[in-house]
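Heads up, the next two complexes both have chain A, just with different partners, chain B and then chain C.
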Partner chain A sequence: MSFFSEERSSELKDLFFESAAELLQALNDEGLKLEQRGADAEVVRETRRTVHTLKGDSAACGFDELSTLAHELEDVLTPEIAARSNGKLAEIVLQAADVFSAMLAAYRAGEPIPAPVSLRDQIRELVDKPQAKNIVPYKLSGHFAWTEYEQMAIQQALLRGQIVYNIALAIDPGCPMKAAAVQLVRNVLAETGEVLAVFPDSSVPPEQLDVIEFCLSSSQPAELIARKCRVPSLISDVLVEPHAAALAEQPRNHIVPTAESSDDSDDVLGLADTAADGGGIDASSAAQNSATGKLRVDADRIDAVLNLVGELVIGKSMLTQTLSEFEKRFVKDPLRVKFADAMAFQARVLNDLQKSVMKIRMVPVEQVFRRLPRIVRDVAKSCEKEVVLQISGEETDLDKTILDALSEPLSHLVRNAVDHGLETPAERLAAGKAAQGTIRLNAYHQGNQIVIECADDGRGIDSYKLVSKAVQNGIVSHDEAERLSDTEALQLVFHPGLSTAEQVTAISGRGVGMDVVRAVLDKLKGTVSIDSKPGIGTTFLLKVPLTLAIIKALMFRVADRLYAIPLASVVEIARASGSEVHRVDQHEVMQLREQVLTLIRLRQLVKPGPMLASKKIFVVVITLGDRKFGLIVDQLVGEEELVIKALDDDFVSTDLVSGASILGDGSVVLILNLSAVIARLGKAPELTEAVTA
Partner chain B sequence: MEQFATLVRAKDNKPVRYLIVDDSIFARKNIAKMLESFGGTVVGEAGDGCTAITEYERLQPDLVLMDITMPQMEGIEAAERIVRQHAQAKIVMVSSVGYQENIVAALQKGARHFVQKPVKADVLYEVIRYVMGDEVLTPQGVGAGA
Partner chain C sequence: MAKDLQLVGFRIGKETYGVPIRLVHEIVRLPEITAVPDSPDYIEGVINLRGKIISIVDLRKRFGEARIEASRKNRILVAEIEGKMVGLIVDAASEVIRVPESEIEAPPEVFEESEIKYVTGLGKLNGRLVILIDLTKILQKGELRRIGDMAPALA
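Let's turn to the complex of A and B:
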């Protein structure tokens, strides 16, 4: 609204969008609870509070369409209506969450606000049945039943020697634009004095208003105010009376339920605050946050700190290197020990600093898990399945960037699980299972990685069907297909353009998606694997690094250049002699214990050409998803924590490198993007090692 | 057309000077006719928001009638810009009922009043009298027309 400066209000809007997203999430949760528990009065009240806050906040930001709708919704959120709505209310709440979210998106993008016609009709239907509108039509006598908070502001104004008026304005019933009328009246009053209180608050749809009451402190005489308020063709009647102190004593026989009135004062916070103590005008949510000791910080700022920490880490290894040279040169110098002590201390603090900064970026997985119940519910409903969702490990922390990126793949997996993974209740009963299917989501730490499991107890993936489909689509040849192991067959799920669902549904099964899941995980330097047992269920395991900013890496040299790969993907390092390498199908393979490894000569990345048959070679065995490969390198350098510096697209025209880092001695190491490297050099029928098995 | 008591400026007894902003020439002429029947002078017309701003600067009219939906710059933005430069500017928005949100926005941004399309002369007359307040007189001393 206009009492905020532009900058102030844009800041406020940012805050609003953030908190509104949380409110919508809460609304989704509550909608689901309503659906499960029916007319539980506590849940209804909780929902109502959420909607009320949303209403107040959006009104404060001037998002009238949203606040109006929120208000309408608020009206139907009573235990009585919930009781007789037969679950319709839960449906409306969930729909409203979607509509609100669409509205928010539109506000944010500055696009036209979608008109929530069908939702509005449904809400009306609920309200209209027994009682008339909630808005009490009253005569122009004026209630002037201000809330406690408002009365405080009134008292303050009186103490300052101002004249306080109670004003009631009857809006011309023939006025087709009441919202505009109300706004105009507000403008007029703001010119004559300071509005201390308004009833009903700004979120009541003006179309339902007959009378609007204000409390105004002003130095102007009553007649002038009355004249100003008599806006032609909009205001049919005006009542201006001085606010008697005695009125303040009146009991609050409010139309608004008392439980709510304290919240209501939020709506006039911007107005009343200045009168109350002249303190900072702040959005209610911001005030709440500071009260709980939380701070909203732009992610960019944290990234900047992280970047600096990264530089420090590089600085540390520079020092370490210098120290070791120093030690070599002055073996007996007593300063050496002091130097080493100081270094050790600094390293420890730096380590803590690094961890603390990382911790700031960490958010609980719950932030993404919380979105899933709604998805499960919607999908289950549309494909008529009964599903319980069990969530555990939601407190596990993960880097926010990674978590955000995982949101889509996870929703996709969950959607798939309900739509394809689980059988219909009838099928389940026939198979001797409970009619209700279960989807389990779990997250936990595993070393330097986070594992997220998405499991269903459905029919499992039919690998035979999968393979036949792959053959049919020409993804694998008939011969290859026959040699596929079950695990390998399951990998076909990630192949673009392959879906075993017999029917393509709107929810999933379009053959796009699983390949996207894998692409996202590749990008995150993570992996995805499947475990599926026919008739018992399917589990997807997503593994992602704790953070993207700093990785433990294995460094090696190829053709005199330094490269690194994430240590997490290294399984082991083996030595082999040239004679152990065999050629099969234009691919080099070697046998490592029971397994046949496809070998990749990284040297080819540097200068493609004939290979020198060296006697002894190093083979770094890596995993990518469920598959293992052997990278042939010239020389191993060691492990190191690398601070990843993103490479500018202008510098790098290849996707083979995912980043770079600077070592203590100033040398640059390139971090290889394993999936791209293997896609390039291991280009082969995907399942090469099976061919020779 | 109905007869309205002539409105003149209180400070110099001269006709009220109006600027009409609307992308439809028909709408402009229609409003101009009404304003003239109130004894005013239409000192300028503009077909879009940008022109409206320059015309306002040049003419310093007593009152602006501003359409909301216009090419190039919408009426709301034009009104906002004018009011930002001239806090005393009196702008009355003109729009159809369907654009209520826009009217509210315009009012929040400093427009003084609004009339809805199709504009009725008696409503416009009352609105002008209200917005101009003490700055206009009816020299005949006759009560206002409506």
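Let's turn to the complex of A and C:
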């Protein structure tokens, strides 16, 4: 295959890895479906189609180990075997998905390919005749379902007395550049006659084509056309038949074998395959059609556009600022109104533009939710629990970066819910519950945030046990423990190194802990909160911003410095006098209506040390997880949309600041990372006789 | 003919220093600097350089200069160090210096033994001494170590 360059080849492989990941996800889904209704012939066929595509694609990229295995798997994916395999087939499909995924990872990393010995043995057991077949090129049958319009063209050609052929070409699965192959046969056919119709049309990426069908009017004999179309190593099989209106609806299996085609004696089975394949092409082309008009774009390109929009937003605030200066200076100038109108118009368009670009980055939560059923199944199986997973709100859109980051925490929560949250069937029955536990996943919008809920109806978290363990591990002191409210006690779950399970199991003992879940959410400027009732269940709420690029923020001054915090975390702003501030233990608190608020003096960020209390203070009330705090600031500046820029270099990186932004006047404002600020300042105001003074 | 080395010369205290001209993107006056909490002493903060946020290091503090005076002559050297833009505050900077390679001497022993390995050579120019420095060393290793030193103090 010298005609195709290295660069093209690596591009092809990238494309393959991308599509293979999707195929494996589909395979996982189908494996689970098989497990639920194994005898369903449609599910078996669906699975088979997925494996088939994977086989073809991997062969095209030269990944022979994978394509061979896929081929072997394909052989056992028949409704008959499924019916007598007694659930074994589903198990194999799921295992195969794992093996394929391991193989892909190895190909990607250029490492040796793991040999799927045990899987192969299991597959062989299922097959009657255990001899492994070689990779057979696609068998061919045309289905020639031309559209009405194409039918008309065909009829007209027939009326003109021309001979019309239906031609089906199987593209060699080993052909690395299908696009070129398709173009080549098009050219060949155009030389022989007039191409009346092509299926599928050019909207289907050639890489995904196995078979292409033409309708050709030509004066040349069928044999000659067939010979011309047979391009070695591009086209593995050719079918040419005269078109007849009556024949069009009936599947015909007139196969003209090529030299390479190994049409051996068990062709009866082969033909059955062909029929299934024909259906497969039909269905997948339907799926292709629904995907028409979609575009795969590099995320970097979208980010570049998003960046520019960000600059525009900064530009807008520069203009607004200048305009307000102008208005002050020329109060009576009629130009003011015109300026204001233009500004309003521009602001509206910019707002729409920003939303549109944001939307490009949005993907449905389903992309992550889809992975969870498999996890639930595996964990439930290994700890012998019965679980139903209910998923809703999967169509909710979320920024891709955020969603990707949420994937690990969500898997962890679900794993935890099955392993620790739910009781064993026996325990459940004893508690008067259904033997089968339920895990609910839900996603929905809430203002500028997305909420993802993960709830189980299990035993709930024993907060007493949790607290005593925390005391045992020295995380909280005895005194502190006594004063913890239930909600506060539950927060201990997020403390590093605290697990409520009596023994660490293989399942939740690995990977990320709850503290990591919280760390991820912090990083995303989101929150995680927990609600648990003993005997009834536990619910985790993950809240994340819609996007990471632009936030609505509240700005204020502390010691003449400008800071911003996400508006989403602000509950209210209160004024208080110094005398309302009380000292309890290490904290400063104040009473706001029914609530006692812990106060944080942000001045400590600038100048640590004792400080003077002013008579009147501004208290910005924020929520962090389930808790509320009051931030004491000097002066409120206002709300603004901020385009977040990272402070990612080594010199100034600090966990106290999550990013920076540029204001209309060109000055830089720092966006505070609230959870870090509170962790740092929440416990240590080293004051102060001054407060009481 | 020997090649000339093109340097951006700047002053800190009484000394003249030089860095290769290709590392310096531009020289700007001091704008308003936004301080970042929790950062080391010699980090002044961040500035907005035409829409980009870059960190500002006070090179005078870095060199342990005792007297730091704000002056209209103060400048920020915007340099690219290992792919990242950093602003360096210096007392004054304006000239491009050409030093013939033959006029550059290796740093004296006393420098090599000490911690200060960022001096790469000494250039002589009409009786003036120009200290050639390696910005990467000043800002990478040194800073990182210093930040590391500070961590226990903050905890």
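We adopt the following convention: the second predicted complex is superposed on the first by the 509 of 693 C-alpha atoms of A that agree within 3 Å, B and C clash if a C-alpha of one lies under 4 Å from a C-alpha of the other, contacts with A are read in each partner's own complex, and residues count from 1 in each chain.
Quick note on the criterion: a contact is a pair of C-beta atoms (placed from the backbone, for glycine too) under 8 Å apart; a residue touches a chain by one contact, two chains touch by 3 or more.
The model shown is predicted, which means the values in this text are computed figures rather than measured ones.
Chemist: In the overlay, answer first, second, both or neither for which of chain B and chain C A:Asp303 touches.
Modeler: neither
Chemist: A:Leu562 contacts which: chain B (first), chain C (second), both, neither?
Modeler: The second partner, chain C, only.
Chemist: Name the chain, either chain B or chain C, that contacts more residues of chain A.
Modeler: Comparing touch counts on chain A for chain B and chain C gives C.
Chemist: If you stack the two complexes on chain A, which partner ends up touching A:Glu91: first (chain B), second (chain C), both, or neither?
Modeler: A:Glu91 contacts neither chain B nor chain C.
Chemist: If you look only at chain B, which of its residues touch chain A in the complex?
Modeler: 97, 100-101, 103-104, 107-109, 112-114, 116, 123, 126-127, 129-130, 146
Chemist: Within their complex, state which residues of chain A touch chain C.
Modeler: Listed in rising order, the residues of chain A that touch chain C are 311, 314, 561-562, 605-606, 645, 647, 649-652, 654-657, 660, 662, 666-670.
Chemist: Spell out the residues on chain C that touch chain A in their complex, using ranges where they run on.
Modeler: 31-32, 34-40, 43, 45-48, 51-53, 55, 57, 84, 86, 139-140, 143-144, 147
Chemist: For a test of understanding, state which residues of chain A touch chain B in their complex under the given definition.
Modeler: 1-2, 62, 64-65, 113, 176-177, 179-180, 183-184, 187, 231-233
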